[in-house]
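Naming follows writing order (A, B, C and D), and every chain is counted from residue 1.
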Amino acid sequence: MANTKVGIVGIGFIGSDHLHRLTKTIANVDVTAVCDIIPGKAQKELDRQGLKAKDYHDYHDLVDDPNVDVVVCTASNEAHHEIVMAALQAGKFTFCEKPLALDAKDCMEIIKEEEKYGHRMLQVGFMRHYAPEYVQMKQMIDNDVIGKPLMMDERHYNQTQPEEYDSSRSIIETAIHEIDLDHWLLGEDYKNIRVLPVKKTRAVQNDQIQDPMIVMMETTSGINIYLQVFVRCQYGYDIKCDVIGEKGVLELPTVPQVAVRKDAEYSTAILTDWKARFESAYDIEFRDFMNHVSVKKSPVGPSAWDGYIAAVTADAALKSLADNGKVEELDFPKTPDFYTEK
Amino acid sequence: MANTKVGIVGIGFIGSDHLHRLTKTIANVDVTAVCDIIPGKAQKELDRQGLKAKDYHDYHDLVDDPNVDVVVCTASNEAHHEIVMAALQAGKFTFCEKPLALDAKDCMEIIKEEEKYGHRMLQVGFMRHYAPEYVQMKQMIDNDVIGKPLMMDERHYNQTQPEEYDSSRSIIETAIHEIDLDHWLLGEDYKNIRVLPVKKTRAVQNDQIQDPMIVMMETTSGINIYLQVFVRCQYGYDIKCDVIGEKGVLELPTVPQVAVRKDAEYSTAILTDWKARFESAYDIEFRDFMNHVSVKKSPVGPSAWDGYIAAVTADAALKSLADNGKVEELDFPKTPDFYTEK
Amino acid sequence: MANTKVGIVGIGFIGSDHLHRLTKTIANVDVTAVCDIIPGKAQKELDRQGLKAKDYHDYHDLVDDPNVDVVVCTASNEAHHEIVMAALQAGKFTFCEKPLALDAKDCMEIIKEEEKYGHRMLQVGFMRHYAPEYVQMKQMIDNDVIGKPLMMDERHYNQTQPEEYDSSRSIIETAIHEIDLDHWLLGEDYKNIRVLPVKKTRAVQNDQIQDPMIVMMETTSGINIYLQVFVRCQYGYDIKCDVIGEKGVLELPTVPQVAVRKDAEYSTAILTDWKARFESAYDIEFRDFMNHVSVKKSPVGPSAWDGYIAAVTADAALKSLADNGKVEELDFPKTPDFYTEK
Amino acid sequence: MANTKVGIVGIGFIGSDHLHRLTKTIANVDVTAVCDIIPGKAQKELDRQGLKAKDYHDYHDLVDDPNVDVVVCTASNEAHHEIVMAALQAGKFTFCEKPLALDAKDCMEIIKEEEKYGHRMLQVGFMRHYAPEYVQMKQMIDNDVIGKPLMMDERHYNQTQPEEYDSSRSIIETAIHEIDLDHWLLGEDYKNIRVLPVKKTRAVQNDQIQDPMIVMMETTSGINIYLQVFVRCQYGYDIKCDVIGEKGVLELPTVPQVAVRKDAEYSTAILTDWKARFESAYDIEFRDFMNHVSVKKSPVGPSAWDGYIAAVTADAALKSLADNGKVEELDFPKTPDFYTEK
């Protein structure tokens, strides 16, 4: 069978990473075209990685190229909407890095476009759905290992962030992962969200920055989610997820590390780089996406609808943060059928 | 040196336990007198344990007995106030099981009485202050191991409780331990408290019972405490306490258990009985209390002021629970000097 | 760059697995030819996996095919020697599953053949060298984290094995992994080996089977290795590796699993299937091997010399077992230079 | 009931500790007499601890004093035999610190003396029998949690020892604990013992010292015990005990410590002082001993027979060490009935 031909729009940090992944660690794929808004940037990366591909100046040409079967959108966040729309209109299966778009309206427009095909054409890059530990956790919830879930306790800690990583980015780029994950893990929509300010670390670079913050969400059935976002915790990249059910508790494991007994301490390393934590999830994510679209099957990972839920919820979180922790109500329409069909 | 002579008022569940402790596992103590409101009950317990002591009908006689140096009050909660007042008025060092009294006014009356001596006469039975793991945690906080504390995450889970263990008892008898502990661990007063209802377990015996519940407290400097109280969690007696600071996180350990590899599982037992978890703390508590009062030194464990703080805070928690999670503000007077002198 | 063309000799259990791996999870590889001694077997597997490749009756034709750049030998153990010899003589880079050959003489013949090229042509399939946890452990040893190693404690436990898995297979197929790993981890040759019989589990199917057994090895500098081989331990597939040094101890972690608090137990699953434990190691192994040979570089994983060391050591272990635990001395020639060049 | 009157012979390091324990943490005991071979030493310690007791010059006077019900022997090892003999001849219940005596002959003489009473009069201070984690482990073995035991893996590591702590002390003072414990845990006698020299740490002060060393014992049913003794391991006091059975593995837990996430590490403290590890075991040990002898019941902790087994086995270990690891056979007489009666 011929290799699947992929075009990548946006060759920045994550785009270069996916370019490498698709050419070096994913089988049966050819990256036939690339494109970046900055002239010469894509070609430079191709050269650096020792690769050959068509380098387009305009993404419209890339999505229309008959030598491109699948579009991967890794452009800057504000360009996602137009690129994804163009790719869908060109009839191409599309992988879009998170976020799907900047607001609910743009997400909904993408959903309407996708709906015209009567089946899914798009996957959003929430890679944690593919992390084996979360997959195992979801299976255990679905298999009733702990009974009905009642509460969740989560932490999303980064070692540090620069001054420009302000409070809104703590929501839109950090908390967004749990916002996306939790409704998938629990199989429920959210009813409300609030963002509570807490005592700030003195590691914040200016006093406009709220760090840490507590994000609390309630699902439609009343499950309470408590998430600590702390992006200057100093000690490492640390992700925690506990699900408390009627009969027991599940706890997410971390990346295995050699344990050391030394200097009166028993210790294991904590990662400091987030990429190492979920690196294999990215590989599994693309392998799964490509396995589906290479044979013209709809992708089954995070959908445009998931992207929409995340965008709306994060937006409400920003409002709550600006309003000193006020509860923001959420009311989602019913998930369109073609997103829930198996 | 002669043994210290102890009189115990109230020979119920905990009174019998302390009677056994003081006669069998604490050195240099004689229990010379006991008293219970139910005639014959104290004598029956003396007989059961093979002990001899004066059995009083009226606690006033016990506290006035010159053959009693120290009074231990383990009567029912509503009787604590009057018994402690009588003991203090008789000039006796006094140990009172938690709660010190039923409301703030009664606690304050005791404080005024104690203040007349110009030094502490009383200790309240918050035994967790003596649990080695909490003591270690407090030392680590005080030694700046994790920098300034910013947040606390706690769980107080019981395997199960009967129908009569209603929501208010989840606060007054269960959460009270963390309410007391946390301001000691952090060295700060509370600014507010709220009790959030969450999705109920179907293990509640009637729908008036809120179980689990989330208790959130803020300290004067803004530290956010998140406590899950879940007294019908089914799986065991489980206590969790994490302190998150500017530089790191502390996690309370549990009672050590032999680990087992068997049947495709690696496991350790979780206790189901709360007494086993803090049993040694009770011994250490009484040993410390007796070491002080036996030589006429003031006790240094939890004070009447701690009892007052706990009473006022628990009362505010009850109001919040009744008012659907409304934030209840707290404003404590400055701690009287004689409680803070070393 | 064109894909690397691979021919696989032997399409049994592991051969089918590698066929799948090379066509589905390793990038930039084409499996152009296969071969199995049983007529029709290879074609059947190609059909089952939906693949196309030339199916040879005789492996000599496969190794001589100019459309085969690289030979993967997954035939039965007794055929390894002749197939590898043919592949080397045809000038093809070769990957041979463990064991390299059945005895020291055959291994040495392969080494002599490889030596003619003046550089490595061959890699042996000891995949644990690629398991991230062992790689981390080796780096820590090399970085002097625990000082000079003095002792190693290891376990290689399987849940169960059938009657035909006799004591010699416990050495040749089970202990062989640690025999290979330990001299790589420690960077030392072995001085002697012994196999101590211990009390047998009643799970052995006949009393000729020694299970568990203790394998003890001493390295040239005197490091003592203690390895328990127990292939009917009932509870799971469990691999342990501790290295004790002058300043501390290293402990190998296991595959991360969601932890569960339930039914008065805190537990994590223990794997029962060995493939799940080292699955990613196989992928990393082939990716590394292909990355080298695809650009005509010598492979850098386990070498023919490692295959020879393992064969000689395992043979001595069998003698010790037959001689009731007698110490068998080992004396290896100096490692040829072209195996140690970087 | 009157307090039990105790006389202590030998007020050195451990004697002073037990003096403190018996007067401060054990209930219902009076230390009425003390004695030390160095004039003035016992009185000085009484003064230091603020205690009053008769200070004898000659231990014969102490054991004969009618105001002494129970003798505690904490004299130097070589004096144990004569003091214990005198105490038994005086008809006193006796607690003797380990070792019971210096050789098998002296142990047997004590056993013969005790046998005259027809019931046990003596307990030997192997306090680990009272450590809750070992007690739990023994119960799990006895309750068939892991099926029949087949192997044991143990470590007895100290942070460091001075030059005078030579190889024989590694056996007589360190390994002696496991020698004593294991036959109690397993309920079996030993068949043989050997001491294997391994690569030495450069932390040894002279090259006569064998550190670490491996002690291997076989029980009568063939259970293989593997014990690493390493008394200059640098990193802490670390005790490990795994029991491997036909169906699973038991692992001894350690003292609970607050866990810390900090500086890219997840860590818990390892103790460096052996006393902290088994401190509560000493208290439980004396409480149990006193509970029995205070009512004229025979003690039920480690017996003179256990002292004899340990002495004979340690002696064989010394021979093996001197003979380069030669297997020393052991053949114990049947345990006298009055040691096995319940």
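FYI, a residue touches a chain if its C-beta (ideal position, glycine included) is under 8 Å from a C-beta of that chain, and two chains touch if they have at least 3 such contacts.
These numbers come from a predicted model, not from an experiment.
A.B. asks: So which has more C-beta pairs touching, A-D or A-C?
C.D. replies: By the number of C-beta pairs in contact, the winner is A-C.
A.B. asks: Based on mean C-alpha positions, I'd like to know which chain lies farthest from chain C.
C.D. replies: B
A.B. asks: State, to the nearest whole Å, the distance from the C-alpha centre of chain A to the C-alpha centre of chain C.
C.D. replies: The answer is 37 Å.
A.B. asks: Averaging only over C-alpha atoms, locate the centres of chain A and chain D and give their separation in whole Å.
C.D. replies: Each chain reduced to its C-alpha mean, chain A and chain D end up 59 Å apart.
A.B. asks: For chain A, which residues are shared contacts with two or more other chains?
C.D. replies: 235, 247-249, 261-263, 268
A.B. asks: Graph shape for the chains shown, where an edge means the two chains touch. Line, ring, star, complete, or other?
C.D. replies: Shape of the chain contacts: complete, all pairs touching.
A.B. asks: Which bits of chain A are touching chain C when the two form their complex?
C.D. replies: Checking each residue of chain A against chain C gives 1, 23-29, 50, 132-133, 136-137, 140, 145-146, 247-263, 268, 280, 287.
A.B. asks: How about chain C: which of its residues touch chain B in the complex?
C.D. replies: 159, 235-236, 238, 261-272
A.B. asks: Which residues, counting only chain B, touch chain A once they are in their complex?
C.D. replies: 147-148, 150-151, 153, 196, 198-203, 212, 214, 221-224, 226, 228, 230, 233-235, 244, 246-249
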